[in-house]
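Below are two complexes that have chain A in common, paired first with chain B and then with chain C.
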Partner chain A sequence: MLGVMYALIAVGFTLFFGVLDVIHFSHGDIFMLGAFAGLTALAGLGAAGLGAPAVALALAFAGSILVVGLLGVLAERMCVRPLARSSPLMTLLATLSLGLVIREAVLIFYPRGADPKPFPQLLPAGGFELGGVAIRYENLAILAIALLAMVTVDLLINHTRMGAAIRAVAQDPEAAQMMGVNLDGTVDLTFFIGSGLAAIAGILSGLYYSEIHFVMGVSGGVIGFSAAAIGGLGNVYGAILGGLLFGMVQTLSAALIPRGSEFRDVVAFAVVMLFLIVRPSGILGEKRVERV
Partner chain B sequence: MILVLLTETLIASLVVAALLAERPASLAATGLAGATGLVAVGLVPALRAALGRAFARHRATALTGGAFAALLLPYFLRGSPYWTFVATMALMYVTIGQGLNLQIGTAGVINLAGAAFAGLGGYTVGLLTTAAGCPSWLALLAGPWVAVVLGALLFVPILKTRGHYLALVTIAFVFIFNTLMNNLEFTGGPQGIKNIPTLRILGHAFTTPPTVLGVRLPAHANFYFLALLMAALTTWTVRRLHDSWLGLALNTLRDDEIAARCCGVSVTQGKLVAFSIGNFFIGLGGSFYALMVGFVSPPDFDFGYSLVMLSVIIIGGVDSIAGVVLGACLLVPLPERFRVLHEYRLLLYGVVIVLTLLYRPRGLWPVSVRRYR
Partner chain C sequence: MRTLFHDRVLGRRDLIKGAAAGVVLAGRPGRAGAQKKTVRLAFIGPLTGGTASNGLGGRNSFLLAVQERNAETLVKYRYETEVLDDECKPTVAVQAALKASSDPQVVAGVTHYCSVTAIATVDTYHKAGMPAMVWGAVLPEITYGHTHVEITRVNGTMINQNNVAANFAVKTLGFKTFALIHDTTDYGRAHAKYFTEYVEKAGGKILLVQGAAKDQKDYAAELTRAKAERPEVIWYGGLTPDGVRVKVQMDKLGVRAQFQGTSGIKSDTFNETAAQSAEGTLAFVDGAPTEKLPGGKRFLEAYAKAGFKEPAEAYGPFAYVAANLVMDAIEEVGPDRAKVAAKLKRTKSADTIIGPVEFDEHGQNTVPLISKYVSQDGKWVLWEDSEYASGKRTLPGIRFKKQ
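Up next is the complex of A and B:
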């Protein structure tokens, strides 16, 4: 359950790495913005009197994806692209600082931004039992929405002209440009898609924990990046797999180890570290040839 | 020579004025004076050349003058214990920054776990003094070594992974460190360790205000002088290392690992040596912090502080030793100075760093090309 959210964030990291070879560290805070945009949209719709939860939720998703996607493109234009050619350390620090700016902006400018915000429960409550395992409708709905998002992105990347352009830029930006691909447009599009996915993850996280907070982006970002790295940066399926694995390790360690819920992040990050020692470029590997 | 001393006096008095200015008007005046000076130096090539020549010729005088100004600073700040404390923090960040700069700047080993290594130093001091009853001075010396030894946990990932993956491993290390400190029993959990006994010299406790040459200074001045000594020794050591064959070898392996290997530079040895020496100084800074404030807790060493440390070296100029000093002396006091802006200051801090990276990517004091004569 947690895994699918991580996977959605990780796909963003991996897409950005694919097209620009950068790690966009403020992506975690973009995820947080997604949750806040969704909450604002829901509050607005509630005030406007649109009662039906399904309609409200769909509109909130659409609004959040649009707004946060555009903000992601803005972040890329301002902060990521100008530095993409300089050392990775620069982009790292620039995007980390941008994340700080986003966090502080939410803290200051969102009404009562310092408090955790309750997130409305719009998914059907209740559940059923299947072979001794309690399954809640809420979790099923989250799973379904996340899967839908992932399948859509997969179709978008593998079966459309746009997707072909993204894949071409990821392989070789210069060659892609020579083939008539609009480089800037494609990069913008990639950031829109990635940030939109983070927005979906943000709302899902709000629905799951029924609470959102302005610092949720820090751990969300680090976990998403870990997931993308486990899977192999630049590989979309790797990122999904990595996200699911990370969620699984967390859940298992919380369940199996005494006092595990306190130490679940320790276990999960230790697994990530060990994993990167054994397979320094992820499960599915990053395509890379070292040239001298 | 007179030009050198005059410039240094001007800078020192501007710094003191900027720190002590209470009203916005006087603050604006000092800011304006400083900006005028910078613009004058920047726009008049003759002035810049004259200053550069004077400083190059009278290096010893310049350094003595600088040391003198640094020693006198607590005297001018004697009315304000708070600013003495901030100046001490800046010097602590010089120490930490030099260590981190050796790793990231000189050797290219990305380390985002600075906060964790400082924390290891700090927690070692806390545990040794409160639980084991060890003398504070001994603890201050032991802290850095613990950071070095536990840093060995990251040896394998450092050699195996690079770039973004290494960044991730070190981020994971900070998170693990923080979660452990928060949840383990013997480290005091979220409460941390309180009542760390302070340092003493010849029966003089560091918490009592010292009287130097008949002038009574705030209690933090004790720590200021110790931090000054620590930062000066660290900077001197790192400078010597940087100028030695080791620094050159580290630069080579940072720029191109394979080429360095071909020229007979041991990448394994170089990276691990740089990483360990760097951790020593970062741990030293952390140990000092624990003794200065008297307690340690997990939020003192969270990931955000890794970023502050990283910003210090990037703002100053990666691999630039003078840049680290400048970066620490700017980045630590500035947010405190703008406490007036209170809730906006972290926001501005982020904006300033992003802008510096965009428009001044090599830092405020870029490293100069190595010259051998």
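Up next is the complex of A and C:
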């Protein structure tokens, strides 16, 4: 379950890197914002009397994806595009700063933003046992939603004109422009999709853990980026694989190694380091050959 | 580390709040007030980050004490405040402590909710000679690990707290087996150490101890391991946000055990966030409940009147008392750091809203009482007043034992 959420965040990182060669370090806080946007939408829908869980949840997902997706586009226009010709370090600093601004803004402006917030439980309760393992309907629903999101992104990128434009820009922005691809529009679209996926991950996190907190994006961002790096920055399937692998390593190290719960992050990030040393391009990343 | 309030900002904000509350505030001294010498006090606590709710409650309580003091006509000094955020992080806390202590205008400080920050800054205050009264951190070494005259603590330590918590769980409630999860900060580790010690002394058995990083999101692996050991109690040594996650995930994973925490989870936020999962949770806090003390009702009313956005939380009254003790000392010996530190260290039988405060030779308040709380219908209820104690309801852990 952990891996699924990491995967959704990691896909955003990998899309941004693929298209613009940037590491968007406020993406973790965009994920947090997605959870808060979803919570606000659910509270609003509850107040308006739209209480049917399925309807409320669908509308909350739609609202959160829209708001957070547009904010992602705004973040790109404010912190990434103006620095396109600067050193990558400037973009890194700008996006890190934006993340801090988002985090502190939620703390200050969201009602009692310092506190963890209970997230409404709208997924079916109960479950069943399969081979001694307790399986909850809620977990199955979360997996299904995450899978649906990933399949949709795959279809968008690989089977639509829009996706072809994204792939073209990722491959060679100048050539793509010469072929009539609207570069700015494609970049906006990529940030909308990536941020929308983070919004979905945020709501799923709320549904799974029953609470959200304004600091949740800090570790979410670092892990999401690491997962994307393990999988191979720029490769969507790699990001998904990286997310699942990271979650699995964390859980297994906590469960199987003596005192492992203290070292779960140490083990997981050691694996990241190992990958960066042994296979810097990640599991599914392509080797880049630079022509001179 | 950020300065969130400064004297000028505070004055303006206080004016607005005071107008609503009908209190005469720092920003509007009378004729006599205008001639008073100004003394600056520092407040340091976690105003951002995972434990911000406790820090904000402490800050508000500190500001309330200063507002009330400035409104008195007979005081010798006018008090200004410097509020600093330690983010519950040692490095940030040291920066905040350096900022406060290097300002000669700051005579004393009401400092730190988190043990990791309080222990990290002890030497900073000592080197600067600035009196610092801890208002929330419970690690024993903060007062017992040195002989610095500058450091005092108005709240109790985790030693007394765990003694009571372990004896209550083993001897009163009859639980025998425990699985411990704690955060890996000094706070969590030390709590686990003392709790283990007292549980074993009381005749209980610790089946498993697991450390987890502070602000960890997922406890499925730790709880699954604990579940396999079939403990009667899952004990958590850490703060509210993580405590909420452990309890909520316990229920989701079907861990049928009593949940018990430390003073770190005794906050309104725990009940609000964990919602129905909070029911039957046990927590222990030093001192008697604020509303049960002679001055407690007045404090809660004044706090409500002042219109603060955030609740005072469990340790707000301690910050309020610390501010008052510091101001009492300044009124008596003048705004001199060394004299104030010496005066505070000798505090005996001070009458406060948390009861009489008396420091031992280490500057540690010898709090005689540890209160036991149980979460009942979304509120922390003193164990003795609860329906669990009267037998009307049964604690989840006892119910599971019977099944």
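Simple rule for what comes next: the second predicted complex is superposed on the first by the 288 of 292 C-alpha atoms of A that agree within 3 Å, B and C clash if a C-alpha of one lies under 4 Å from a C-alpha of the other, contacts with A are read in each partner's own complex, and residues count from 1 in each chain.
The working rule: a contact is a pair of C-beta atoms (placed from the backbone, for glycine too) under 8 Å apart; a residue touches a chain by one contact, two chains touch by 3 or more.
Every value quoted in this text rests on a predicted model; they were computed, and no experiment measured them.
J.: Are chain B and chain C a fit on chain A, or do they clash, once the structures share the same frame?
T.: With chain A as the common anchor, chain B and chain C collide in the superposed model.
J.: Does chain B (first) or chain C (second) touch A:His213, or do both, or does neither?
T.: It touches chain C, and chain B stays clear.
J.: Going by the touch definition up top, name the partner, chain B or chain C, that contacts more of chain A.
T.: The partner that reaches more residues of chain A in the superposed model: B.
J.: Taking the superposition as given, does A:Leu66 touch the first partner, chain B, the second, chain C, both, or neither?
T.: neither
J.: Would you check which partner chain A:Glu104 touches, where first means chain B only, second means chain C only, and both and neither mean what they say?
T.: both
J.: Who does A:Ala254 touch here: chain B (first), chain C (second), both, or neither?
T.: Only chain C is touched by A:Ala254; chain B is not.
J.: Tell me which partner A:Ala134 touches in the superposition: chain B (first), chain C (second), both or neither.
T.: The answer is second: A:Ala134 touches chain C but not chain B.
J.: Taking the superposition on A as described, I'd like to know which of chain B and chain C A:Glu262 touches: first, second, both or neither.
T.: After superposition on chain A, A:Glu262 lies in contact with both partners, chain B and chain C.
J.: Determine, under the contact definition given at the top, whether A:Ala270 touches first (chain B), second (chain C), both, or neither.
T.: first
J.: Report for A:Pro118: first if it touches chain B alone, second if chain C alone, otherwise both or neither.
T.: Touch status of A:Pro118: second partner only.
J.: For chain A, which residues belong to both interfaces, chain B and chain C?
T.: Touching chain B in the first complex and chain C in the second, residues 104, 107, 218-219, 259, 262, 265 of chain A appear in both lists.
J.: Using the touch definition up top, name the residues of chain A that touch chain C in the complex.
T.: 1-2, 104, 107, 112, 114-118, 134, 136, 138, 205, 209-211, 213, 215-216, 218-220, 250-252, 254-255, 259-262, 264-265
J.: Once bound in the complex, which stretches of chain C touch chain A?
T.: Where chain C meets chain A, its residues are 47-50, 52-53, 55-56, 181, 184, 210-213, 215, 217-218, 220-222, 224-225, 240-241, 244-245, 248-249, 252-254, 269, 272-275, 277, 309-310.
J.: Taking the touch rule as given, give the residues of chain A at its contact with chain B in the complex, in rising order.
T.: 17, 23, 79, 82-83, 86-90, 92-94, 96-101, 104-105, 107-108, 218-219, 222, 225-226, 229, 233, 259, 262-263, 265-266, 269-270, 272-273, 276-277, 280-281, 290, 292
J.: Give the list of chain B residues in touch with chain A in this complex.
T.: By the definition above, chain B touches chain A via 104, 110, 156-157, 160-165, 167-169, 171-173, 175-176, 179-180, 182-183, 256, 258-259, 303, 307, 310-311, 314, 318, 343-344, 346-347, 349-351, 353-354, 357-358, 361.
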